[in-house]
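Next come two complexes built around subunit A: one with subunit B, the other with subunit C.
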Partner chain A sequence: MKFERYGIGIAKGMAITFKHLFRPPITVQYPEEKLVVSRRIRGNELVWFPDRCTGCATCAKSCPQGNIEIATHVGSENNYVVDKFELDAGRCMFCGLCVESCPYEALAMGVSYEQAQYRRGDLVWSKEELQPLNKRPSGYARPEIEAALPKQSLLIYGDKERDEGGQKLRLIPLSKKRGRGV
Partner chain B sequence: MTLLEQFRLWLATILPGWEWLAYVVPAIVGIVVILGFVLTMVIVFIWYERRLLGRFQIRLGPNRLGPEGVFQPIATAVKILLKEDVVPEKGDKVLHWLAPVIVFVPVLMIFAVVPFGERAILADLNVGIVYVVAISSISVVGIYAAGWASNNKYALISALRTVAQMVSYELPLILAIVGVVLMAGSLSMTQIVASQDIPFFILQPLGFVIFFLGTLAELNRCPFDLLEADSEIVAGYHIEYSGMKFAMFYLGEYGHALAYSCIIATLFLGGWQGPLLPPIMWLVIKALVVFSTIVWIRGTLPRLRVDQLMAFAWKGLLPMAIINLFMIAAEVLWLPETMLWIMGAVNLILAAGLILMWSKLFTLGGGRVEV
Partner chain C sequence: MAIRTEPFILNVGPQHPSTHGVFRLRVTLDGEVVVDVEPVVGYLHRGIEKLAEGRTYTQNIPFTDRLDYLASMTNNFAYVLAVEKLAQIEVPERAEYLRIIMAEMMRIASHLMAIGFFLNDLGAMMTPVLYMWREREKLLDLFEMVCGQRLTYNYMRIGGVSQDIPEEFLPALKKFVAEMPTFIDEYEWLLSQNEILLARTKGVGILPRDVAINIAASGPVLRASGVKWDIRKADPYSIYDRFDFEVPVGNVGDCYDRYWVRMQEMRQSVRILEQALEQLPGGEVYAKVPQLLRPPAGEVYGHIEAPKGELGFYLVSDNSIAPYRFHIRPPTLINLTALKDMVIGWKVADLIVTFGSMDVCLGEIDR
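Coming up: the complex of A and B.
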């Protein structure tokens, strides 16, 4: 006897939703929990390498916003010494033209994506803040960095498969921290 | 001697001539207790539904305020109460103000006859279940008034849908209740509970299913929530409501759900009866089980179309309810009372057969709808 036409679909649907009760929720509670992002990410931050920078200001010229402020003076070895390298992240659209145009690969897009600030003034990145102390350059417009990164098609991968470029969603266990107040 | 009579005699000794206080004081105490119970349980239900629905949809649900988000409904209530009260300029202002009250008050009145324990009942009416049916239908008037007074096409469509839905689903609902009344031999809620040594959902499963589905329609819950069909008529009858008045609708909706959960528990699941735990706990547990099933259905089934809704009531539930009623009447009349289990088995087979037969009527697909 075929039950396909006798309302068995309702029972099937009810069974599916009941099974959902025992699955871990797919919600990622963002500030407390973060998904592992792809290492091929092109974040919205810039990394500036002062030892490679000659102060030629090509980046400043290529910026559509005129956003990069660079001031130099002539040093002892007939070179430019960069006095000021400032960039307002509030006006930057992260088009990457400065990174592409840099002849000495002294600028690179970073991998971070959490750049929000409470005040507009805090959005201005100074020379010190742009240095690669705890920043990592991304592979954007830098083929040699990109070649070293693992290949992958999805943005999310589990911790185990990180090096193989796996594609599994990491299951976050229900910890005690979950569901508590901020 | 009941507690009331003792109280009256005691009053007569200390305050002669003030015996009428014996009626006023218990009434006020009862109202306060019932109101406290309803409001607390409604807040619990709102939180519970949002969490459970979240889990059915593999989400978390509200979990930020307090442990597991239990204070979320309170925050929501504060937010709603602080909102501006907007009245449509061309709406009927008196009716617009009156409608939420008409929706909410009957919900509270239902609890007067819900037995929380053997003698824990506010008013043990001998026509308790008739009272419930009569009172709970008044809410529809409020919903219709809201739809009319809002001067809004969506609200009016919603109100008209509600009236059609209520008129249709009241019939199978009452016929299912008559089955219970026949078996219990009384209209009084306490008597109905007392006669359930075996819960009635085992003895008359078809009646239980019909009553449950009728209740879903009566509560305007999924899959019968046509009057609040967000994708068609935005928010339905309370589209023009905000602030305190909207809170009344919200409260009325969940209060109704609570009331009907309690009534299903009373009529079919044995009410307050149960081992070990105190009676009120059993009633609350059973009401929560019923409510969980309602949420489960909400998390699963899509909304019916208007014609499907009508067809389901008139072609599906009503004939089934009539057959169920006659079957139970025959069993009550001719089967000896010791053969309850045979009655249960017969009714289970009947229920399965009828549901299979009727489900064939409602097949969809192949590009056409055979309703």
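Coming up: the complex of A and C.
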């Protein structure tokens, strides 16, 4: 092993390091500050609109994992009444095929991505937990929802332009994020 | 009394930072010199080929994301091309261009990852990786904008792509295409003349041209050995025949050439992106394909030039909604068979470098 041009590499490396001293940081201090996610984000959440759902089970048929469980009975107006709509987030891979296949737009992906639970049982979402009460549906395969969501903050525009384009980092106070523990 | 030495068996992996996943190398050493290498694979086996036989053609697309998870878009691409060839589906023009744009963005992202971790294996701990991840992150942002996720895209569909690009995608990609060459210049300025990189990689782990052809290597590993074989040129799929680009070729086949070929391929990918952005037509992005596609009985082999080499899907249809046989030809598993020829006689440190320069992805090897 012989070294040629010894020293050039170190000088160049130091020059690049020096250049980076003057660049704005591109990292985000994650739990305290967050970037605005894509408007089409397939977050770890599904939103189910019970008033639009007809119980046709197209979503259940399109699921690669066979993860969506639907039980219905025939109601008074000769329609299907959904008794059970359940899915296990532990088995779901959030591919979005169910959302794409739904003919009545009764299903949407959610924006949220912090869905960790302490127990496996808590990952099974029942009919009530899937309803859009405190959830923000995402614009994946739903153009009308997509238009209403805020713009994604893109790293390519850097910090400066990110602030100008109304794509500010959303800062949340630290104390709010401290959970209860187990 | 004569001093006698015995060969020594060392396990590199399955949990080792330089194995890029769960991969085990059973190395027989004489002192520090490698005498024999036996790769042990299968730690990440999920049986995707068998799982695919029980699912419809569309339902298999998310599974292909899990093969080479650093280049999911090209896996989608190879699979849908194979199914379209089987069912003879015409894809709209705009969808073809979007696929090419995604595939070339994916190639840049995958090569950035490959070069970064190759340098990490050389001992340039995390600094070049983080410079390269900075650019990769910009691409992941764009992927997230288009299809909603950053790793498992599930973007391509049989007959097109799942959704059209949002309006803010093209300006962002144009900015990326404009500034990417300066970043590649920066990497090359930092790395290509670095004496440590040269000393560690020049002449190390040589894969001769004839061996590379004999083991059916593909991708940058084959091209570094001096074989000008790129499926985008040799068997143009999709609309690659409309673009003007070159195939960079190494001449020695050592670790440095593999690094160099990847660096040059990123430049060519930027060139393809520029041309695709200029030519991008309007129109539909999804041909009407029945939800439960039943391709005619028969078999098909569709292959593309993935970032790591030739990725092929062999599908057999029996005119039902699910493939009868679903076989994947992963590039890195076949490239890996050359490892033994490349490292015997070298030291352990060179083994790590050679293995790093092959850019393996265990999701694809074990599938």
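The definition used in the following text is that the second predicted complex is superposed on the first by the 108 of 182 C-alpha atoms of A that agree within 3 Å, B and C clash if a C-alpha of one lies under 4 Å from a C-alpha of the other, contacts with A are read in each partner's own complex, and residues count from 1 in each chain.
Everything below uses one rule, namely that contacts are C-beta pairs under 8 Å (C-beta built on N, C-alpha and C of every residue); 3 or more make two chains touch, one makes a residue touch a chain.
What you are looking at is a predicted structure, and each value in this text was computed from that prediction instead of being measured.
When the two structures are aligned on the shared chain, A:Ser138 is found in touch with subunit C, with no touch to subunit B.
With both structures placed on the common chain, the touch criterion links A:Ser38 to subunit C but leaves subunit B unconnected. By the document's definition of touching, of the two partners only subunit B reaches A:Leu21; subunit C does not.
Once the two complexes are overlaid on the shared chain, A:Gly13 sits against subunit B and subunit C alike.
Once the two complexes are laid over each other on the shared chain, residue contacts for A:Glu146 go to subunit C alone; subunit B is not touched. In the superposed three-chain model, the partner touching more residues of subunit A is C, compared with the other of subunit B and subunit C. Within the superposed three-chain model, A:Ser101 lies in touch with subunit C and out of touch with subunit B [touch as defined at top]. Contact with subunit B, but none with subunit C, is seen for A:Gln29 once the two complexes are overlaid on the shared chain. Put simply, subunit A uses residues 5-7, 13, 16, 26 to touch subunit B in one complex and subunit C in the other. Against subunit A, the residues of subunit B that register as touching in their complex are 54-60, 63-69, 296-297, 299-301, 355-356, 359-360, 362-363. For subunit A in complex with subunit B, the residues that touch the partner chain are 5-7, 10, 13-14, 16-18, 20-21, 23, 25-27, 29, 178-182.
On the subunit C side of its complex with subunit A, the touching residues are 55, 58-63, 127, 131, 134, 137-138, 141-142, 144-149, 152, 154, 162-163, 166, 168, 172, 175-176, 186, 189-190, 193-199, 291. Interface of subunit A with subunit C (complex): residues 1-9, 12-13, 16, 26, 37-42, 62-64, 93-97, 100-101, 109, 138, 140-141, 146, 151-152, 154-157.
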